[in-house]
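Both complexes shown next keep chain A, but they swap its partner, so chain B is in the first and chain C is in the second.
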Partner chain A sequence: MKRRKPSLEKRRSRSGYIFVLPWVIGFLIFQLYPFIQSFILSFGELTDLTGLKTRWIGFDNYIAIFRDDVDFVPAFIETIWQTLLYTPFIIVISLVIALLLNQKIKGRGLFRVIFFLPVLLGSGTVMAQLGEAANIMQIPPTIEQYVNYYFSTDIASFINSILSEIVRMFWKTGVQIIIFLGGLQSISDSYYEAAKVDNANSWDMLWKITLPMLSPMIYLNVIYTLIDSFRSEDNAIAGLIVNRVFDNSDFTYGSAMGWLYFLVSFTVVILATVIFRRYVYYEK
Partner chain B sequence: MKNKVRTRVGRTVRFKTILQSDMTASNKSKLFLKIYGKALGHIPVYLALIALSVVFLVPFLYMIGHSFMTASDLLNPNIKWLPRSLNFNNYVYAFESMDYWYYLGKTILVVGISVFAQIMSSAFVAYGLARVKFKGSGVIFGIVLFMLIVPPQTIIVPSYILFSNAHLVDSYIPIVLPCFFAMGLNGGMIIFVFRQFFKGMPAELENAAMIDGTGIFGAYFRVIFPNVKPAILITGILSMVWQWNNSFEPSIYIEDSSKGLLNIQLRELQQSVSNVMQGVDFNQGINMAGTLLTILPIVIIFLAVQGRFMKSMAESGLAN
Partner chain C sequence: MKIRRRLNGITASKVFVYIFMIALVCFTAMPLVYLVSSAFKPVDELMVFPPKFFTTRPSLDSFKELFTAMDSNTIPFTRYIWNSVVVSVATVAGTVVVCSMGAFALTKIRMPGGNFIFNLIVATLMFSAPVTQVANYLVIQNLQMLDTTWALIVPKIAGSYYLFLLKQNFGEIPDALLEAAKIDGCSYWGLYAKIVLPVTRPAWATAIVLSFIASWNDFTGPMIYIQTQVKQTLPLALQTLQGGAGQVARAGAFAAAALITTLPTIIVFCAMQSRVINTFTHSGIK
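What follows is the complex of A and B.
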C-alpha cells in the first residue's frame, strides 16, 4: 500500500475545484442570475426594460394572477392534477412493459425499439403539432367507432376520453421502461433460485423479490416522471407563461407566474422525495 | 410440482388449467407440454407485447400512410390508412418548402455542437463530483439536482433579457453557449448519469492511470473518459433527441423563423399549408411528409446504435 502525502491529498482536492469550475461559471451566469432576477422582477413593475429597472410593487403581481387572470387558476390546476394523476399510471405501465420485456423471448430487441420510439419524438414541435393538427396521439379510430356503436353518447365519450388519456400516458413511458429494465437485469438470479427452492410462485416472487429490489428505480422513476412533467413544454401552465410574457410583453407578471409555478412543482417533488425515500430498499 | 414448467428466467408457469380441461390427457400430451410448455408460456407475453406495440406504432403508421395521400384520398371516407397510390408529391412539396438540405445541415451542425459540448463539460464536472473528495462537492451536486426542479419557464424572462442585451437574440448562441458549461437542456440529468457511471468505476483503473505519472487531468482524458463509452452513448442519444426536438427556447430566442432549425421550418410549413374545411385538412399529407422528414435523421441514427444503446442503459446501474 502506498501512503499518500497530505500535500497530494490537498492537490487532489484542489483539482476537484477545477473539475467543477465550468459548472460553477455556467451556474452563476445562466441559472443563479436569472433565478434571482426573476424573483426580483416578480415583485416589481418594469420601468426600464434594457436595464431591468423595476419599481417595487410588492405582491401586486401575485394578487393580480389570482384575482384578475381567468386562465391561470384553471391552467394551474390542470397541470398539477394531470401530473399527479399521470405519474402513478406511467410508473405502473412502464413497470409492466419492462417486466414483459425482461422475459427471455425471441424478438425482444424489436419490442424494446418500438417502446422507445416515443422518446424520439415525444416532445417538442413535432409531437405538439401532431397531437393538435392530426390528433394522432389518440386511440385507433376503429376502437372509437366500436365504443360509439355499443354505448350511449355520454358513456362513449367518457370511455373514449379515458382511452385517449391512457394512450397519452403510454407515450411518456420510454425512459422509465429502460430504467426499469436496467434494474431488472441487475437483480441476481440467486434470489429467484432460492425462492423456487421454497416453492414460491411467480406472484410471490414479484412482490417479495422483484419489487423490493426495484424500489430504488421506482423512486428514481417517480422523481423523473414528476420533473419531466413539470418541465414539459406542452403542459397548460408552460404555454400560458410564454403567452403572457412574450405575446403581451409582460415580463414582471410572467416572472411572478413562473415563480408560483416553481414553488408548487418544487413542493410536489420534495414531498414525493420524502414519502418515497422511506420505502426504498437498498441491498446491503 | 408436475404441473409446473419452469422457464429459464425463474418464472413458474402453471398449466393446471390446460390439463384440467383435458382430463383424459395421455402421457403423450404431457410430454408435449414438457417440451413446448416454455414456448407456450410465452404466448401471453407475446400477445401483451403485440397489443401494447400497436398503441405505439399506430401514430407512425398513420403518419406514413397519410404522408402519401392526396386531397381526394383524404376526403374519401373509405380511405383510412392506405393511400390509393404511392405519390411522392407531398414529400416534394415539403422538401422544397422547408428548404430541407440547408436546414438539415444547419440542424446537424447546431445540435452536433450542443451535444458535444454538453457531454464533454458534463462528464468533466461529474467526474469531479463522483471521484474527487473536496469540500462543497455535496452542496454542488445538491444544487445540480435542485436546478432540475426549476422549470425553464421560471428563469426564461431574465435569460431572454440577458441575451437580448448582448444582441444574441435570433441566433442559436443562447441555446448552444450554456452547453459548454455543463448546462443546457436537461444538463443536470446528464451530469447525474455520468456521476453514476463514474461512481461505479473500479478504483484500480484510476490508480493504474495515475501511477503512469500523468496527473489527474491526463488520467481523466486518456483513460477514464474513454472508459465510460456506455454513458457517452446514453447521454449522447438523449441529448441529441432533446436538442433536435427542442422548441421552447428557440420559440423565444428565434424571432425570425428563417434563422431557426428544422423544427421551426416544420412549424412554418404546417402553419402555411394548413387548410381545414369541414373538419378535413386538405394538406394533411404535406404536414405528415414534413414531419417524417424532420424526425427521419434521428430515427436513423437511433436505429443504427439502438443495440448498443439498450445494452448500455441496462448496464448503467442508474439508481444505485
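What follows is the complex of A and C.
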C-alpha cells in the first residue's frame, strides 16, 4: 500500500519552517537564551568563579545597585537624560539636512556619502582612537577662539558648550538622514503641483504636505534614534556594566544592572511608540 | 529681463543651500581629510605641535613603516587585515543567506507561528548589548568558541535587524509572480534562488553594507572574546599600534593603519549608495 502524501498545506508549512530554521536556531542560542540567562543571573550570587556556580539571593543585587554603588545612579541619569535631550535635536537636524539634500543640486550623491561618513567611520569607536583626530569631532578651534574673543568668559563657555553638543549630535544623524531622504523621494510630485496651482508658498507646502506625508518616517526615526542611543556601546551605562563585569568579574551584579537599564529604556521606547503613533498620517 | 529673473531665483535659494551644505560637510569630512593627510605625512611633520592639517611634502614612509615588521616577535599588519577580511566576509555572507531565507519564509510561505516569530523579532530589536553581554560571554564559553574566530562570526549571523529590513522589502514582491512560477513546477528553493533573490537585490545590498560596517568596525566583540594577538582584527590592532611602549615611534604606522581601516567601509558604501536609499524608502513602517 502506498503511503498517503501529506497535504499541500502541511508540505507548505514544513518548507516554511526549514527556511526560517537557521535563523531561529541562531536567535535562540545567541539572543533569547542569553536574555533569559541574564535575568536568572541577576538574582544570584557567584559562589565559584571557575565553575560559574551561582546561589539564589533574590533582589539583593538590585538593592545593592541603589544602596552601595556610587557610580550607577549618575551614569543612569546621564544616559537617559542625554538620550531624551538628544533625540528631538537629532530628528530636527537630520530632517533639515534631508530637505536640503533632496533639492536638485549638483553633487547630491557626494553630499549623501559625506553625511553618511560618521556611520561609516564607526560612530566614534575608530575615531575615538585617532588621538588628535578625535578633537576634530568638536567645534573647529578657530570658531572657539572667536567666541572667546568676542564674549565674556561665562557666555563664551556657554556658547562653546552648546556648539560642541550640536557637533556631537550632528555625528549621529547619518542613518536618520537616509531614512528621511527615502521618505521624501516617495512623496508624489502631484501634491506639490496642485498646491502651486492654489498659490501655496514653500513654507505652507512644508507644513501641509511634506511633514504629514513624512510622518511615518519621523515616527520610525524617533524610535530608531531612541533604540540606537540606548543600545550604543559607548554610553555611560554600557561602560559601567563592562567595567563591573569584566574588571571586577561580578557577572551577577552586572546582569542586574543590565536588566534594570533594559526595563527603563524599554518603557521609554514603548511610551514613545504610544505617543507618536497617534500623530502618524497614513496615505490611503 | 527674463534671463535675469531666473538667475536671481537660482542665486537666492541655491547659494544659501550650497553655503550651508559646505559648512556642514566641513564637520563630517574634516576627520577623513585629516586622516588621509596624516597618513601621507613624513615622520617629522607628524611630530609637529600643534599638528598641521595639511602636509606639504607627501610621502609613503608611514605605509612602508607599517608593512615592514619591527621585531622578530611582531605580527605583520597584513595578518590583521586578513583576519578582518575573513571575519567580515563570513559574517556578511552568513547574515545575508540566513536572514533572506527567513524573510522569504515569513513573507511568502506563511505557516502557523510565522506571525509570532515576526513579533519576536520586533521585540528583540530593543534588546540592548549591555543586558546580554554577560550571558553571551557564557554562551560563547560553553560552545568552546572563546579565543577563536568563530566567536566573532557565528553570534552575529542571526541578526533581528537585517531580517526585519529584508522582510519589509520582500513583502513588496507581488504574489502573482511567485504563483506563476509555482504553477510551472518551481520548488520553494527555486522560487527563493531564481525569483526572490534577483528581484530584491537592493534590499540585500543594504543588508551587506550595514552588516559589513557593523562587523568591520566591531570593537567590543574582539576585545571581549579574543585573547591571542595573532587572531585580533583591525580595530584592536589599531589600539595596539597607538598604545604601548613604541607609541611615539609608530605614530606614522598608526596614521597609515587608520586610513587602511576606514577605507573599505567607505568604498562599500559608495558602491551601493543609491540602492541603500531605495531600500530605506520601502522599509518604513507603513
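Definition applied: the second predicted complex is superposed on the first by the 263 of 284 C-alpha atoms of A that agree within 3 Å, B and C clash if a C-alpha of one lies under 4 Å from a C-alpha of the other, contacts with A are read in each partner's own complex, and residues count from 1 in each chain.
Operating definition for what follows: a contact is a pair of C-beta atoms (placed from the backbone, for glycine too) under 8 Å apart; a residue touches a chain by one contact, two chains touch by 3 or more.
Not measured: the values here are computed from a predicted model.
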Clash or fit (per the criteria above) of chain B with chain C on chain A: clash
Chain B versus chain C as contact partner of A:M205, first or second or both or neither: first
Which superposed partner A:E193 touches (first chain B, second chain C, both, neither): first
Chain B versus chain C as contact partner of A:S152, first or second or both or neither: neither
Which superposed partner A:N102 touches (first chain B, second chain C, both, neither): first
Chain B and chain C footprints on chain A, overlapping residues: 12-20, 22-27, 29-31, 33-35, 37-38, 41, 52, 97, 100-101, 103, 105, 109, 111-123, 125-127, 129-130, 133, 136-137, 140, 167, 170-171, 178-179, 181-183, 185-186, 216-217, 219-220, 227, 230-231, 233, 237-238, 241-242, 245-246, 251, 254-255, 257-259, 261-262, 265-266, 269
Complex contact set, residues of chain A against chain C: 12-20, 22-27, 29-35, 37-38, 41, 52, 97, 100-101, 103, 105, 109, 111-123, 125-127, 129-133, 136-137, 140, 167, 170-171, 178-179, 181-183, 185-186, 216-217, 219-220, 227, 230-231, 233, 237-238, 241-242, 245-246, 251, 254-255, 257-259, 261-262, 265-266, 269, 282
Sites on chain B touched by chain A in the complex: 6-14, 42, 45-46, 48-49, 52-60, 62-63, 66, 80, 121, 124-125, 127-129, 132-135, 137, 140, 143-144, 147-162, 165, 177-178, 180-183, 186-187, 191, 215-217, 238, 241-242, 244-248, 251-252, 263-264, 266-267, 270, 274, 281, 284, 287-288, 291, 294-295, 298-299, 302-303, 306-307, 310, 313-320
Touching residues (chain side chain A, partner chain B) in the complex: 12-20, 22-27, 29-31, 33-35, 37-38, 41, 49-50, 52, 97, 100-105, 109, 111-130, 133-134, 136-137, 140-141, 167, 170-171, 175, 178-179, 181-183, 185-186, 189, 192-193, 195-196, 201-202, 205, 216-217, 219-220, 227, 230-231, 233, 237-238, 241-242, 245-246, 251, 254-255, 257-259, 261-262, 265-266, 269
Touching residues on chain C, where the partner in the complex is chain A: 14, 17-18, 20-21, 24-32, 34-35, 38, 51, 97-99, 101-102, 104-106, 109-112, 114, 117, 120, 124-136, 138-139, 154-155, 157-158, 160, 163, 188, 192, 213, 217, 219-220, 224, 235, 238-239, 242, 254, 258, 261-262, 265-266, 269-270, 273-274, 276-286
